[in-house]
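In the part that follows, the structures are each spelled out as C-alpha cells.
Heads up, the next two complexes both have subunit A, just with different partners, subunit B and then subunit C.
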Partner chain A sequence: MDMKRDYYEDIELFKSGTILFWSILFVAALFVAPLFLSNYHLYLFNLVMVHVIVAVGLNILVGSTGQIALGHAGFFAIGAYGTVLLMTKLGLPFFPAIVIAAFISAFFGFILGLPALRLEGPYLAIATLAFGLAIMHIIGHTELFGGRQGLTAPVLNIGISQWGLNWVIKTELGKYYLILIFTIIMVLLAINILKTRAGRAFVAIRDSDIAAEVIGINLTMYKTLAFAVSSFFAGIAGGLFAFVLGFFDPFTFNLILSIIFLVMVVVGGLGSVMGSIAGATLITYLMYDLLKNVDEVPIVGNLLVAFSGKFLTTTGIDNFNLVALGLVMIGIIIFEPLGMFGAWIRIKKYWKTWPF
Partner chain B sequence: MAYFSVENLSISFGGLKAVNDISFGVEQNEIFSIIGPNGSGKTTIFNLISGIYRPDAGAVILDGKNLVGKTPDRIAKTGIARTFQNIELFANATVMDNLMLGRHINMKTGIFGGAFMFGKRSPAAREEIHHREKVEQIIDFLELQSVRDQFVGSLAYGKRKLVEVGRALALEPKIMLLDEPSAGMNTEEKDDLTIWIKDIREDYKVTILLIEHDMNMIMGISDRVFAMNQGQKITMGAPQEVQRHPEVIKAYLGEEAIN
Partner chain C sequence: MNIKKMLTILFVPVFAMIFSIDLGYARDVGFDDEEIRVGQWGPQTGPAAPWGAVARGTKLLFDLINEEGGIHGRKINYFIRDDQYNPSQTMAAVRDLVDRRGVFAFVGGVGTAPGLAVQSFLRQNEIVWVGVCTGARAFQNNPWLWQIWPDYFDEGAILAIHAAENLKFKKIAYMYQNDDWGADARVGIEAVLKRNNIKLLAAIPVEPTERDLSSQIARLQATGADAVIGIMAPTQAAIALRTSVSVGFKTQWLHSYNLCDFPLMNHITEGLWAREGVMTAAFTDNIDADTPIMNRYREAAKRLAPKERWGLFYTAGIAAAEPLVWALQAAGKDLSKEKVRDALNSITKRQGIGPVITWTKDSHLPPRQLRIWKCGPKGETIVVQDWKTITLESGK
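Let's turn to the complex of A and B:
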C-alpha cells in the first residue's frame, strides 16, 4: 500500500460528503422548524436542547470514562443559580455569566472527582448522589440563593447593558435560537473532545486503567478532568435552563432529575454523542409531553385514572410517568443493551444489505 | 555501569517471596530474555519495573536514575513501555485509536485544544495528523493494515498480541518489556514476530527485555538470557550456556515431571 492518504480524513468533523449533507440539512431544518411550531412546542424543544447538552456532557463521564454519576442535577443547579446570580447580584452580562457559572460547576465537578479516584461502581454512585442532594439542600437553606422560595430569572439581555448594547430576548422563539446555537456549539465541542487526545484517554481509562497508566496516562488527572468537563456541560445547560423555566426552586433539581439525566445517556447508548442526543430527545418528550398528560392518552388514560383513583393517593397519577419511564429503560436494556445508538447501527446494517 | 539495571529487587506476597533479591544489568540495544518455569516471578519483575508493584527492597535504574516509587505513568514517560501477558488493550477502541493512545505521552493537545479542533490548520488537527502518520508507519511495519479500523475486541488473539506490541512501540520507548508476546501465536506468526522484534531493536533502537516460554525464539534472538526459579536467579549468560545449565534443566524437568 503506497497510496498516499490524507490523515485529516480520519478526524474531520464530517467524514464524508453524505454526512456533511445530512448534517447541514438537519441543522437547516432546526433553524426553520419554529415557523411551524407553537409556543408550547418551542418551549418543549428548548427543554430538549438543554437536556441534550447535559446528556452529551454526562456521556463523556459515564459513557466514555466509565464512571457512574448520580448527581448531575447538582451541577445543572450550579449553572442555573450561578448564571442568574452573577447577572442579578454582580450585574454581569449574560455570556460571561453563563460561562463563569459553567466553570464554577466544572470546579465542583473536579472536587467531586477527587474521591471518585478511590471509589468505584456503587460507592461512586452513592458519593455523587449525596453531592446532588447536598447541593439541593444547601441552596434550599441559603438566603442568597432564594431559599425554598426559589429564584426568578432576570430579563434575558444578551447584549452588554453597561456599554449601552441591549439585546433583550423576550419570546420563546428568541430563546429557541439562542439555545440552538449553544447546543450546536456544545455538541461540536464534545465530538472534538472525544476524537482527540483527552477523549481517547477517557476511553482508555474505561477499558483498562492499568494499560492506560503504563502508556503514560495520569489517572488522577483524567478522571477528575472527565468530571470537570461533564460538569461544565451541565453548567452551561443549567444557565440556559434558568431562562427556559423563568422561575425555579431547589426542588427543580432533585434526585429524580439526576436519574433522568443518566437514563437519557443509557437509553441513547453509552459512549455515543448521537445516542445521547437521541436519548435526551426521547426521554424529554416522554417525560414532559406524552406522559405528563398520561390521563389524556385514549383508553389507557381512563384506565389509569380509574386505577389511580381506586388504589393511589390523589397525586398518584403522576407516578405513572415515572413507572412508564422505568419500563422504557428496562425495555431498552433488555432488548437493545447498546441503546438507541445500537439500534441505529443495526438498522443501518440491515438497509445496507436490503433486500437480500 | 549498565544502561538499565535492577538491583537486589525483592517483593513478597503474604509469605511468598515472588521476587527474591534479583539483580541484572542490561546494555543499550540488547535483547535480554528472562526465562523460568510458571510462577517463578518473571511477570512480577516487569510489574516492579513498570511501577505497578512497589518493591519491598531494591532499585530499578535507568540512565543512572532510580525509578522506584514513581507511578506507572511517570515511568512510561521516562521511556519504558510494556506489553502484558494477558493482553491489556482498549477493547472498545479501534486498532488505530489503541496505537494513537500509545502516542499519548508524545502529544500535547489538551482538553481545550482538542475541543476547538476546527479546521485542518488548528493546532490540534496538525498534531493529530502528524501522529497519525507516525502510527501509520507502525501499522505498515507490523502489517496491521487490514485491521486498522477494526475494534480490538473483535480481533484474533495473535493479532491482539501484535497490536499491543505496536502500542508499546508507539511510545517511542528506550526500553520495551515484552511479556510472552508469542503466546497463542501459530508458527508463522511467531516467525514474523521474531523478525519484528529484531527490527524493533535495529531500526527503532529499542532495548528489549523479553519474557518467553518458546525456547526456539529465546535461542534465536537473545543476546543474553537470565534464568530464574521460585523468585531467585539460577544463572545468566549466553543463550546456549544457559540452556545447558544443569539447574535450568532441572527446573524445567521438574516442572514437566509435575505436569
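Let's turn to the complex of A and C:
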C-alpha cells in the first residue's frame, strides 16, 4: 500500500485519497470547533497552534537536519518584539510587520547557523543556548524593547489603517481563526519544504554530512538555510503569540521555554511534521490545563491530594505537576523512541489488522 | 499481552475520557447561595516560589471565615493557581478561573509581569480584584482594581526618611536592581534627599542574575557611605551583605519591604542579617506582635495549616485578603458585584494587619503608610519607626 511506483508519487502533498479526506475533515472540524468551545478553550487552542508552528519549524532543524538547538525562545522573542515594535514604532500594518519580524528572526537564525558549520552535538547545544540567553538579556536591557517591564501589544488591526481599511480583531474567536489560517499555511509550507531539493539535502546532512558533501550538497548553504527556515517559523509564531497574550516581558522567553520547544519535537517524533503537531498539542495541554487541574480528575485527583496532604509539603500538588510532566516525557521516550508519531503508526497497524 | 500492546489499545478510550472531563464545566456567575468563588495566582514552583506563600496565606483567612460559618451564610470557595511567575501561564490560569469556574473576585497575585498580562482581561470582564502584589506603577486606572501593595516610590521615600531624617546620616548611597523597581524607588529616595540637601553618593545597579557583587561593593566602599539603601532580591541582598562584611565595609543597610522576612534572611546570610542589624521597610504587623488580631491568625494557622511556616509573605497574604472580606460583609446578604464595588469604595481608615486603608470612588491607590523594622541580635523584629504616612507628592 505504501509502495511508490514513480518519483512524483513520493513528492505528492497527500500520499493517498484517504489522507486527503481525513485532513480536510480535520481542518473542517477545526473551523467549526469554536461553536462548542468556551473562551478559555479558545485561548488554550491559540496557544497550542502557536506552539505547533514553533515545533514544526524546530523539527526541520532538529528532526530533519539533525542540528540541536536550545535557543528557540530567542527567535520566538524576536518575532514577538519585532512584530509589536514594527507596528507601534513604524506604524506598519500587521501582515507586513509579522513577515518582516519573521525575516529578522530568520536573519539571526542564519547568523547563528554560521558557527553551526563547525560545531556539533553538545558544542552546538551550548552555542544556541547562549544565543537564547543573550537575547533575553539584551531585550531586558534596552529601553526601546520596554526593558524588564515588558511590552503591551497594540490593538490587533489586520487591515491597513493608512488606507482607511480597518479590520480590528478583538475577540478570542477572531484571533483563533487568524492563527488557524497561519498555522495551516505554515504546516503546509513545512511539509512542502521537506519534499523539495532543500528538504532532501537536510535529511542527507542529518544522515551523514560527509556523504552529503561528497554527493555535492553545499553544507554551508543548507545548514545555515535550515537554521534560517526554522527561525522564520519561530518568528511567525512569536508574532502571533504577542497578540495571544497581549503582554510579554523578557522573562517569558526564558531557557525553560527553549527546552519545552525541544521537548515538544522529541515527544512528538523527530522528523515528522504530524508528530510535531501532536507533541506541541500534548505538551501544551498537559502544562497549561490538565496538570493544573489534576486535583479534579476523578479518583486520581483525590488520591493525589490525600497523598500530598500526608507526605508532601504545602506545595506538594504543584510540584507533582512538574514531576508528572517529566514522567510523561521519560515514558514516551522509553516506550516509544519515535515519539507520538511512532505510537500512532503502531495504533494504525493494530486496528488495520484487527482482530489479528 | 505485553505492555506495549495494551497501551496501544487503551490509547484512544483513555484520551477520550480525559478530554471529556475537561469539557465538563459550565459555571458563569461568581456566587450562588452556597458559596462565593475567589481566586489567586502565585508562583508555587519555579524561581519565585518563596513568594507563593502569599496565596496560601489568603487561604488561611478564608478557611478561618468558612470555619466560622462563612459570610452571610455563603462559604468562600478559594482557588489557588500556580503560574510559575510566567505571564502566559497566569493568563491561562485566570481565564480558566473566570470562564470555567466563574470566579467572582481575585485577591493579590504576585508579580508585576503576571499582573500586567491579565489586567486588561480582568478589567473587561469587570472582575473585582483586590490588590496586585507589587508596588510597580504600571497598572492602569481600573475601576475594578483596588491596590494594596505600597508604591515603590513610597518605599524608597520611607527608607530615605529613616536614613536621612531619623538617623541623620549624611553620606548615603543606593544599590538597586536594574529595572523599574529600582528606578521607581530611586525617585522617592531622591525626593526625600533633596529636601534635606543631601546628594546620593552613588547609585550602583545590580542585574537580577548577577551573583558576584564584589565590584559593586568595592565602589560603595570607595564612597565611604554611612548608609546604603538597597532595592534588590533576597539572594543579592544576602550576597551584598556577605561581601561587604568580608571586605570590612561597615555601613547601615536599609532594604526593601520585600526582604523583611528576618528569619528567612537571617538563615540565608548565616546570621549576618542579625549581627549587622539590617533595617527594612515593612507594611504589615510584626509577625510575632502580641495583638488580638495577630494572635487570632497565629492560632488559626497552628490549627488549620500546621505545615506552613508562619512567615512574612504568609501574613501578607492575609493582609491582602482582609479588605475583600470586609467588603463582602458590608455588601450584605443580597450580594452583587456592584454592591461589593461600592463597599470597597467606601472603606475609610480601616486597618487589619496591614496599613490603614482608605479607598474612594475616584482613588484606588495603595495606602501610603509604611514602617521601618530592624533585625535584632536574635533575629527578632524591632520596630524602629512605627506607621508613618508619606506625604511627598509622588506624581501618581
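Going forward, the second predicted complex is superposed on the first by the 318 of 356 C-alpha atoms of A that agree within 3 Å, B and C clash if a C-alpha of one lies under 4 Å from a C-alpha of the other, contacts with A are read in each partner's own complex, and residues count from 1 in each chain.
FYI, contacts are C-beta pairs under 8 Å (C-beta built on N, C-alpha and C of every residue); 3 or more make two chains touch, one makes a residue touch a chain.
For clarity, every value in this text was computed on a predicted model and none was experimentally measured.
Of the two partner chains placed by superposition, only subunit B is touched by A:10; subunit C is not. In the superposed model, A:196 lies in contact with subunit B only, and not with subunit C. In the superposition on chain A, A:271 makes contact with subunit B only, while subunit C stays out of contact range.
By the touch criterion defined above, A:286 lies against neither subunit B nor subunit C after alignment on the C-alpha atoms of chain A. By the touch criterion stated above, A:262 is placed in contact with neither subunit B nor subunit C. When both complexes are overlaid on chain A, the residue A:43 reaches subunit C alone and has no touch with subunit B. Of the two partner chains placed around the shared chain by superposition, subunit B is the only one that A:215 touches, whereas subunit C remains out of contact.
In the superposition on chain A, no contact is made by A:61 with either subunit B or subunit C. Overlap of the subunit B and subunit C contact sets on subunit A: empty, with no shared residue. Residues 50-52, 71-73, 75-77, 81-82, 84, 88-93, 96-97, 100-102, 104-105, 107-111, 113-118, 120, 124-125, 128-129, 132-133, 136, 140, 145, 167, 171 of subunit B are the ones touching subunit A in the complex. The touching residues of subunit A, counted against subunit C in their complex, run 38-40, 43-44, 47, 137, 140-141, 147-150, 152, 241, 245-249, 251-252, 287-290, 292-293, 296-298, 313-315, 318-319, 321-322, 335, 343, 346-347, 350. Those residues of subunit A whose C-beta lies close enough to touch subunit B in the complex are 1, 5, 7-8, 10-11, 13, 188-190, 192-193, 195-201, 203-204, 206-208, 210-219, 225, 229, 271. Listed in rising order, the residues of subunit C touching subunit A in the complex are 3-5, 7-9, 11-12, 18, 21-22, 25, 44-45, 49, 52, 56, 81-82, 85-89, 91-93, 95-96, 98-100, 112-113, 116-117, 120-121, 136, 138, 178-180, 207-209, 305, 307-308.
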